[in-house]
Every structure is written in C-alpha cells, then in structure tokens.
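Note that the chains are named A, B, C and D in the order they appear, and that numbering of residues resets to 1 at the start of each chain.
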Amino acid sequence: MSELLPPRGYKKEDTEKRKKWLEKKTGFHLNETGPDNPEDFKGIIENHVGYMHLPLAIAGPLLIDGTYAKGEFYIPFCTLEGTLTMSMTRGLFLTHLSGGIKTNHIKQELSRSPIFIFKDIDKCIPFIEWVNQNFEILKREAESTTRYGKLLRIDKYPSQNSVILDFVYDTAEASGQNMVTIATHKACRYIIDNYKCESGFRYYIESNFNGDKNPAYKSLLLGRSHFVVASTLIEGRLLKRILRVTAKEYVDGWIQCTRGSTEAGIFGMNMHVANALTAIYLATGQDAASVVENAGGIISYEVRNSNDLFATITMPSITVGTVGGGTRLKQARKNLEMLGCTGKDSSKKLAEIVCACALALELSLGGAIVSDEFAFSHSKYGRK
Amino acid sequence: MSELLPPRGYKKEDTEKRKKWLEKKTGFHLNETGPDNPEDFKGIIENHVGYMHLPLAIAGPLLIDGTYAKGEFYIPFCTLEGTLTMSMTRGLFLTHLSGGIKTNHIKQELSRSPIFIFKDIDKCIPFIEWVNQNFEILKREAESTTRYGKLLRIDKYPSQNSVILDFVYDTAEASGQNMVTIATHKACRYIIDNYKCESGFRYYIESNFNGDKNPAYKSLLLGRSHFVVASTLIEGRLLKRILRVTAKEYVDGWIQCTRGSTEAGIFGMNMHVANALTAIYLATGQDAASVVENAGGIISYEVRNSNDLFATITMPSITVGTVGGGTRLKQARKNLEMLGCTGKDSSKKLAEIVCACALALELSLGGAIVSDEFAFSHSKYGRK
Amino acid sequence: MSELLPPRGYKKEDTEKRKKWLEKKTGFHLNETGPDNPEDFKGIIENHVGYMHLPLAIAGPLLIDGTYAKGEFYIPFCTLEGTLTMSMTRGLFLTHLSGGIKTNHIKQELSRSPIFIFKDIDKCIPFIEWVNQNFEILKREAESTTRYGKLLRIDKYPSQNSVILDFVYDTAEASGQNMVTIATHKACRYIIDNYKCESGFRYYIESNFNGDKNPAYKSLLLGRSHFVVASTLIEGRLLKRILRVTAKEYVDGWIQCTRGSTEAGIFGMNMHVANALTAIYLATGQDAASVVENAGGIISYEVRNSNDLFATITMPSITVGTVGGGTRLKQARKNLEMLGCTGKDSSKKLAEIVCACALALELSLGGAIVSDEFAFSHSKYGRK
Amino acid sequence: MSELLPPRGYKKEDTEKRKKWLEKKTGFHLNETGPDNPEDFKGIIENHVGYMHLPLAIAGPLLIDGTYAKGEFYIPFCTLEGTLTMSMTRGLFLTHLSGGIKTNHIKQELSRSPIFIFKDIDKCIPFIEWVNQNFEILKREAESTTRYGKLLRIDKYPSQNSVILDFVYDTAEASGQNMVTIATHKACRYIIDNYKCESGFRYYIESNFNGDKNPAYKSLLLGRSHFVVASTLIEGRLLKRILRVTAKEYVDGWIQCTRGSTEAGIFGMNMHVANALTAIYLATGQDAASVVENAGGIISYEVRNSNDLFATITMPSITVGTVGGGTRLKQARKNLEMLGCTGKDSSKKLAEIVCACALALELSLGGAIVSDEFAFSHSKYGRK
C-alpha cells in the first residue's frame, strides 16, 4: 500500500488509524461518533473516519390508500433546504383533509445491461437466438448468486455490431443494484465460456444502457425498479383555504410550467420531485444518488366538478429497498420500522409512500407559485 | 393549528414537544443527538426531531491544478454504496501518480426564470423592450435584497403569448437558490407595479425553465451555477498497473458506453458522476437534491502518445456554495475548512474539487468495467 | 360548400375548375402537366391543381449484401441541395471499391397508440387484464380491415389515470400509417362497445405516443417500421485516395462531432442522415415528412487493422413501403422497379437500401469535414 | 473517372449521356421532361437524369395578420398523404372564419459551428479572448464571401479541451446553409493563419453543434433560422360547427397528447407539424430535409371566454428562404410569387405563412382525434 493513501480496514482500530493519518495530513481531527459499529459498515462504506449528523424532521401524516401502503404514515424527512419540510407537511395535510392519496404499484423491475460486441453485424441475430435457447440455463446461473433475486427475462437490443442484453430482475425487498450486477456477471461468464463465435467477441458487464445513476428515456418509458402511480382529488374549498388558489388558477399555472419545461428541454415533467425523494431516501438509508435516475416523474392536473383539483403523478422509476445497503444502519432501520416498511412487499410499500409524498410536495409548491407566496415562504423559512 | 400536524417551532423544547407528539402517534421514540443547536436549524429544516448519522469516509488525496483549487486535498465522502470510496480513492491515486488533475473554472451563473403571460402574442416584444430599457432599475431592485448576489443580465425567451425572463446572477460563495428567488421576486414586483399593458398580464415567479432540481438541456448548453472543465493525462504504465487495462482497451470500452447511453436516451454522457457529487455534497452541507440538475457531465477519453490516456470532463452545472444553508452545520463547516473552502472564491474552489473527483471516480469505474473486475469488486466491497 | 374554399373532386374537370378558381383568386394560372391521371390521385392528394417537377439524379451504384437487398443498385435521388448527389456517389463509390455495404434487417413493426382515460388510477390494471384476455378478438377485429396487416401484439403503458395501448403491426409491403389507423380504430370500437367500467372512460385514437411524424426516444429504443443495421469496412488506401484522410484522422474528427451533438442536445447521433432519406423518399413515392421520425440513426466508427475504417449505422426507424400511397405514382413505380423493389419483402429491401445509402453519405461528408474540403465542395457544387 | 460512375456535367448532352449509361446499366429509360433547363440545375443537383412530377394541391385561403405576412394567401401544397390537403383547408377555413391567424416574427439567425481542439483545457480561455478581440476582423473575413449575409456575433462554447465557435448570421432572403459554410470557412482560415498556440490546435468546420438537419434542443431554446410565433382564437360555435367539438373537449384531448409525447420522449410538443412543413417546403423549392430540424414546434391550447379556443404555436426554427437553391426552379418561383414571397423580407413572410399553416393543420387534426373522425377521414381520403 502506498503511503499516500489512507490505511484500510473495517475494524475500530482501523478507523482510529485513519483518523490519525488524516490528522497528520490535514491537521483536522474528526471526533464525531455514531450509533453504528464501524465493523457493520462493511458493504456500505470504506475508509470510514466519522459521521455526518444530518438533521431529521418529521412531515405528515400522509394518508394513503395504495396497493401495499394503507393508512397513516409519519414521514421521516432529512433535508437541508429550509421551507421544504413545511411545504411537504402542508401538501400532506391538504391531501389528508381531502381523503388522502391513492397509489398503484404497477411493477418492480431492475436491470443490468451488458453489451456483447462482435466483429460484424451479421453475428448479432445468431447470438440473440442462442440466448433465447439458453434462457433457462442463464436464469439458473444468474439466480445461483442470490437468495431473493429472480431473473424475469432478458431483453435483447441489437445495435451496430453489438447486442445489449438487458437482464431484468425482480429484486424483492432489496433496491438490488449489487444483486443484479453479481447475478448478471455470473450469467455472462457462462455465455463467455459457452458461446462460440468463430470471429470472437468482446463483452462489458455494463453499457450504461440500464440507466443506473442517469436520467434515461428508457427508464421513463419502460420503468426501472418500482413503477408507481399516485393520485388525489382536492376539494375546491380546501384548495382555497390551504393553498389560497382555485383549481382553475392552479391548472392555468401548471400549464405555464409545462411550457417552460419543454422549452428548457427538461427530462420528465415536474417541478421538484427530486426534493421529496432525496429527503426520504436519506432518512431511510437509500442511496441518494439514485434520485438522479428517479426524478423524472410526470405530473398532471385537471379541474374536476368545476372547482376540485385532480392531481396525478406517474413515477416509472423509484429505486428503493428495505433490506441491504444503508438500510442496515440503526436509524435507517428505525425509520423504516416507523413507516412499517419491513418484511414482505415492504419495498413496494416504501415506493408507494415515496410516490405519494412526491405528489404532495409538488401540490404544495405549485400552490405557492400560483399564489405568489413562494418567495415569501422562502424568505421566512429559507433564511437564518 | 390542526391537531393532525406536528407542533411547530425551532426551540429545543419545540423539538422535545414534537418528539413526544411523534411517540404518541407512532410509538417510536427518537433519541439521537447531534452537535448542532436545534435553534441553528432555522433556514435549514423545520419540524426537527432528530438526526441521521451517516458514515463519513475519507478519499484521496486529490492532486489538483485548477483556476482556484491548487494542491492536495483530502476528500470527505459520505456514501452508502459500498466500493465507492475505494473506487474514488483508486481514481484519485491514479491521477495523483500521473501528475494530478487540471481544472478550469469557466463561469458561475444561477438563474430564476419567472414567466409573464399576456393576452396575445403581440404583447411580447413591447414587454421585452421595456425590460431592456429598465434593466438598471430592475437590477437595483433585485440586488437590494442581497448583500452578495449580482444580477448579471436578464435573458428573454419569448414563446407563445408569454415571455420568460431568465434573471442570471453571480451568487458569489452561496449556492444561491434562495438568493435568486427573493431578488427576482423583488424585481418582478417592480414590473407588476410599473409595467402597463392595457389587456393585462399574469406572472409566476417560476416557469421551471431555470432547471432547478431537474435535468435540463438548457443547463447542459448554457450552464447553471458553476461551469467547470477538468482533465488528466494518465501514463500507460500506471493505467496498466492500477486499472489493469491499456489506454486503447479503455477507449474501446468507453465507446460502447456512449452507444448504450445514446440508445437509452440518457441525458449527459457519463456513467455515474451522480455518485461522486452526492457523496461530496452530503459531506459539505450541500443540497443533495441538486445532484439531479448537476449530474449531466460530458466525458471523453482519447489515447495519446500511443499508450497514455487523456481523460476530460465538462460539467456545465455544479450547484454548490460555501456559505448559507447546510454549510452552516458544524461538521459541514469542518469538512469545508479541511478542504480550504472558506472565504473568497471558495465556492469556485469547491466546484473544481467536485469536478475533479467526478472525473477520478469515472476513471476508476471505467477501468473496472473494461478489466471485468466490476462485479468482483462489488461482491467484495458491496456486500456485508 | 363555402365560396371561400376551392371546389372539390378528383376528376379532370374538377382540377380544371380549381385552376380557374385559383386564377380568379390570385391571378396565377398553373399549367404544369404530369404523367399521372388526376383521378389516380385519390388517396394521395386532394384539391389537385398542378405539379412540381423536381429534378431527379442518379447516384451510385450501391453494392450491398443485405438480408433482402443483394447486389448493385442505382439510386434515384431527388434533392435540391447542391453537392449532395456528388457526395452520395462518392460514398457509394468508396464503399463499392471496399467490397460494399452489409445490412441486417432486424424487424418491421408499426404502431398506433390510442389512449384510454379512466376516472381514477385504480381502473388501469383491470383494463389491461381485460385487453390481455381479449387479445384474440381484438386482433380479429383489427385485421378484419386489412388484407396484409397483422397485429403482432398490444403493448400496454399505464400512466396516471390512463392506459396507452400500443397496437403493434406487421404492415408487410406498405409503410402502413393508414392501415394501422383504420385497424386500430376498429379494435377500439370493439373495446368501447364491450368494455364495462362503472365510472366510464374516454378514448382517443392517438396519444402521440407512437411517434408518428415526430422524433421519439421510444422509436430510437424500440424501433418504428423497419429497423436496419448497416456496416462497411473501408481499406486505408481507399480512404486516403478517395476521402484524403486516414482512418485515425477520421475517427478523431467523428469524436468531436459526437461531442457537439451531445452538447447541443441532438436527438440521435449522425450528421445528416436526413439528407439521404429525403432524397430517396422523394424519388420512390414515400412520405417525405416521415424523415422527421426516421432521421435519428446512430453511427459509429472505429479504426481496424491499424489503418482501415469500420463504419456502422443503426437505424431503428425507416418508415417506407413499396405499395400504396405515393408509390402508386408512375415515376415512383418506375424508380421502385429500377431498384427491384416490388413484390414480397420489397419494403424490407428498400429499407436496407435506404440505410446503406445513409451510411455512404455520412462517410463522404465526414471525409469532407476532416479533410477540410467541405466548404470548398459546397462553393463548387452548391452555388450557381 | 471510373467506368463504375455516371458521367458528369450539367449540359443537356451530359444528361443524355447519363440516361444512356443508366439504361445500359439497369435497362430503365427515364424519359420525363420538365420546365427547367438542366444547365440551371448547377448548384441544386448533380448527375441529373430526369424528374419527379409530384402532384400539387391548393389549400386555403389562409387569413393572416403577421409582422410581415398580411392578408389572404392561397397555399401551394405538395404532399403524398391523402387527407392532408383537406385537413389543412379545414384548418385554414376554421381560422379564417374566426378572424385569421396572428404571427410574430421574433428573429432570424443561422449559424455554423466549427470546433477548435487544443492539447489541453487551459488553452480554451485565451483562445476565446483572442476571438473576442478579433471579432471585427473575423466579421470582415466572413462577410467578404457573401453579398447579403451579416455575421451578427460569435457565441463561444468551451468544452473539454476544445471551443465551439457558433458563428451566427443574418442570412437575409436566403435559407443560407451554404452562405454560412463558406463565410465561416473564410473566417476560420484567418484564425488558422493568425492564432498562435505553442502546443498547436486542430479544427473542423462543423461539430454538428449547429443542429443542421438534426432535431436539437439548442435550436428549440435559442432558435435556428426563422423564429416565429402564431396564435388564433376560435369561436366556440365555429369549433362546434367545423370540428364538431367544444373548446373544453379539445383542451382535454390535447392534454392526453402532451402526456403521450412526454412518455415517448418526443422532441418538441406537437402532433404533425412535420406534415405542413414538408408540403409547403416541397411546393416552394425549400430543402425538405430541413424539416427534421424544424419540426419541434411547441403548441398549446386554452379555453377562453368559457367556450372559445385559444391556440398558439412557437416555432423556434423554420429554415426557409426565397432566393437561391431550389427556389430558382420555375415552379417554385411561381408558387413563391403567388404567395407574394419575393423581395425584401420575403423569407420572413414565408416563415410566418409556414408557421400559421402548421398551426391550422394541427387544429384540424386535433379536432379529428377528439371527435373520433380521424380514422374515418383517413379511410375516406387516405385510400384509393
């Protein structure tokens, strides 16, 4: 090991060694402590030296009637943007008084997409046929590496002199990025050992095609991880009382926003779904970087019964889980338990809660913009 | 206040009241503590009830030669994705041995984009002319709300029967989202009070056009907040030793990745810039939700001197600051101090560090994919 | 009928009446004649008054080894952009000397995508299940309207409180836009008459989702009409002789072009596939407006055998046919016959020819840019 | 010259030689004639062998009140899609009865975007400064090649180790693609001869960044060639009489269409602007391949006065001209004259007519979809 680099290891004394090393290098001594045993960080983080103590708020309650999530939920919310928790609470309050938010869990599919590159374009179709014929074997190989993951199918995308195989899995309660990597790698090794192409071929475990940590039209169209839809119907008098706008004013305002989004070339169609996702992901041990692939939800609003507002959101990609990774951390677990998100179908339940909260937060922000209270609330809650 | 909602307030006793309320509602008692005084959370978070203690790692050192950032930096890194810190350290080590990473800070501009809607299309051009004539007044109004922000210009985008005014600011050391909202709102109030249009007009403080918390082609093209470019030249022998690939193999692999990105309709051109950004944002008190608008960097690689690898990234949008918001938190401050990111031009310096780290992490991941060690390293570091 | 409007009718005398009417209105007398009988324009154009005599050129010959197209083809080329025919001929000559262009016809699928809108989100899944159960009946209904079209499947895309049904057809030798409209409409009428939903539903025959006459990431990903891949391997000495560049110079230039495309937010990845398509579509009676949905092909280049250039293009959407619509016009027929594009699988053959020509034209343009002869050739051939 | 290729030359006898050559090669004798002298094809097409006689229809009249186009216009319309002319006429009739279409010509700017590539990223800013300092000289060089074109400015886009210079011109009555190529090439030659960079640099005349023949978010945002906005207000009773829908029904239908567009990842926001553009471009000697870069218009609809429909379209890119290229052809000239599109500002006038027609055609199609007459009209007019 180079002197240049921090000492390795997951043990308590390794952490101490690193802290000393860091102090020697920078003069800074990190002395924060946390509830988890550093040795439990294996699989979550390496080179551990300390903690970030992010403030946690509570928003809600959310009233929801979903495929899996049903009842009242108090939302742990970890953000650094002033106003956001108040706005989320306002949105949840509004929808609660109106009878809550409905959600529909459509599907859960996560993929890894290796690419196989041949010498010429005519090698692609025979390869696809071979993959089709050997699906059961490839499935067995892939699934041999995981207790819970199931390979649902392999989608084939020929292009140029290559074929991308999109290995699509049900990852159960895990968000599953690691699971699909390891399983797909095993299946790919089988392909490499068994597929014969006289002119040879190359392969990479990932072609970026699966949209991991990237905004991708593929994910918007076909879904990635949890695909959830949510809706709510807000009575006109509540809209007026709580957001200080009418349904018509609200919809007129939203139309301008779709216009601005289209002109700016914005991916997805929403104002700040990213905020709701980031805050809940941080509070529940999710990988916050996944928000980048998840934030492209599509919202629409319509006036109903002359004065009510029907609001609905489609989120084709919510990459969350309730086991593994950061969900193992003590506080993440506690928050997941508080949400009742443990056990069978809990990742689907969590995805529905996330989707409903995203809708509630959008509703509140939309109201602030239409009533022109947005700047005021940010000068009140967003400054010291 | 409704009984349904959590009690408000920033005082210690308010937090205690909320914790009791939450316990009554859910049976869960939050007992985490943190270094900051809850009263200091004003402007950062409302409804505070506790803390998330995220593990913090150290990566690096980064060797950088930038417009503002120069020398060696030890990177505080807050992630929940196993392997990531090791991979970042590997990338930083590789570039360090090769002479470091160069960065170029191109510009820093953040905008807020209100929309003005008229009755008919022929009202747009006269409005634009009026705005041009009154720029100095509008600038004075906007800047009257902020000590540091400067209104650089107002870009006008006519469309349909409306005009979007893109108020473009230099936000100095702040990330500035609040600053530009409040300043622009003041200027808009002036417009509303003083612009006369016989058929009237409406306005919204935000049209979504500025790309806040959204991936936007506008931001990719024109920039949003810090616009930084980074590059490094890796010697062939180091590439072989540390990534176990040749420069040609590396570039061949990357080409497949651009193919997969284009076919999947991915915004930007990189594999996982989102990961580096999220980890550093969390460690330095940035708003992690901004990663959604920042993750669209464009990477390219080329073989040089027959066996060296030239790697470069353009990141037109890095929305970070070193004052205000979450950067006020004690640990965030400490980490910013450790990075030397305080005082004049420190936000530019931080943006350069972020950009350089994003490049280093990409380099390491690319190596893992080309050498086919990606799945192996994730099964080693990504599992318990 | 209003006096304001041109007189209707497909007969010769109707055309004469319209010409008189136009002369009365504008003072302009149209006296162009053409080979087709105006009565044969039924189904192609209404309100016929005259002709545009576009100049037709010949490019080629193309040497091709495809799934359906094999041998030498002389390409009828109808353009108004000077230099283009020369450039196409140069590209075809280059690839001819190098052994020709290989093509691979991957699939042919055209869809129509009606949307069904329900009162609430929970009505979507039951509807999808009903459609699955009734697929055979819907297929029979759809196919009852066409002799050649086959309904391959119905893809279901739930979103918000609606479901888009993507009716995917094999349209045989027809480009098929009309065929899929009429067939899908018949199936939709069956749904309307037979699907019961107590809270009712609305439907529209088209949701814009199918990408007709629009650039759509869906088409790039899943294909629309013919999906074809082409490639060619150019010997280094021919590249030097004909394009005056080396393979390495060529690839280096192309990389800059992908950079410019990504930064400008360009859909697809090519320089001017649109030109080749438009010229051949016009010469063979295709709907030139379809070029908009077809021009997003993805090109890549690589150096092989140290000095040769491997070029390949994926075109997931080439909306052409050899029967119906404008292909009935006498000259279009003649050109189709000259291309041997009549009878079984002729639309696939034509699509392969189009794809190969697009690649050849790109190759030539790329050469002109890299050798810096682009401006020169346009000042020679693009000016009077 | 290779025996493989068609004989060259613009003279009548050259055409005859080519026709013989083609007959020898393919057995096909082309005997179509046209009104233009083949020698006049120089600058438009090479390797001329014959003609395509496309049927021409008349649609309209359009009633328009624009910045440049004012009054009634009879629209020459060259299409091969049955129903389209009737639909266009219906849309124009509807808007005529409602008082016509307003248009607003916002700007006209066409660019060429060469890229300059340096050895390292730190060479970019000094280069940009040099370009700024030498703008007047570069302008003189560029404009020395054209009688009408004016270089308005050079926008600089640094990225990676390169700078794209976007040379933005006013091309007056020409569509100008050739003009900007030749002018920019001259300016670039000056740069190459005069800019000193010790580590050298490369350049390409085009980086694909200007969006020529490609759908580009840059063009949608900043415009390319003519940027035009159009609107119309349709009385409820006319909407009912002619489209058989109410304003509310119309808007409700359109919302579904924006949903489908967003989900499919469609560039722009319209149903088939491409159709109107292609038909008018073909009839007026424009380059129909430019439709690909022009078809991304953004449409919106709203209910006004409880029952009227306000419709508006923004088309940031309409690449048309009234001099040069195909507009020199006799029939194109005649049609341009019939439209009054000759002389000063005639290209702007033409662009406004195109934009208004695009709106009218969309209005009619939207009506057909909402009233569910779309399939019926296509089975009536779209089949033989």
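Operating definition for what follows: a residue touches a chain if its C-beta (ideal position, glycine included) is under 8 Å from a C-beta of that chain, and two chains touch if they have at least 3 such contacts.
What you see is a predicted model; the values in this text were computed from it and never measured.
Colleague: What chains, if any, are shared contacts of chain C and chain D?
Modeller: Both-contact set = A, B.
Colleague: Which chain's C-alpha centroid is most distant from that of chain A?
Modeller: Of all chains, D has its centre farthest from that of chain A.
Colleague: Out of A-C and B-C, which chain pair has the most contact pairs?
Modeller: So, comparing the two chain pairs, more contacts are at A-C.
Colleague: Could the interface between the copies chain A and chain D be described as same, meaning over half of its residue numbers are common to both, or is it different?
Modeller: Same, since most residue numbers here occur in both copies.
Colleague: If you average the CA atoms of chain A and of chain C, how far apart do the two points sit, in angstrom?
Modeller: The mean C-alpha positions of chain A and chain C differ by 37 Å.
Colleague: Find the geometric centre of each of chain B and chain C from their Cα atoms only, then give the gap between the two centres in Å, rounded to an integer.
Modeller: Centre-to-centre distance between chain B and chain C: 41 Å.
Colleague: Please set out, as single numbers or ranges, the residues of chain B touching at least two other chains.
Modeller: In chain B, 157, 159-160, 217-218, 221, 252, 258-259, 263-265, 268, 298, 300, 314 touch at least two other chains.
Colleague: Quick check on the complex: what are the chain C residues that touch chain A?
Modeller: Touching chain A from chain C are residues 102-104, 106, 120-122, 124-125, 157-161, 217-218, 221, 229-231, 265, 298, 300, 310, 312-314.
Colleague: Which stretch or stretches of chain C touch chain B in the complex?
Modeller: Touching chain B: residues 217, 220-221, 252, 255, 258-259, 262-265, 268-269, 298, 300, 302, 314 of chain C.
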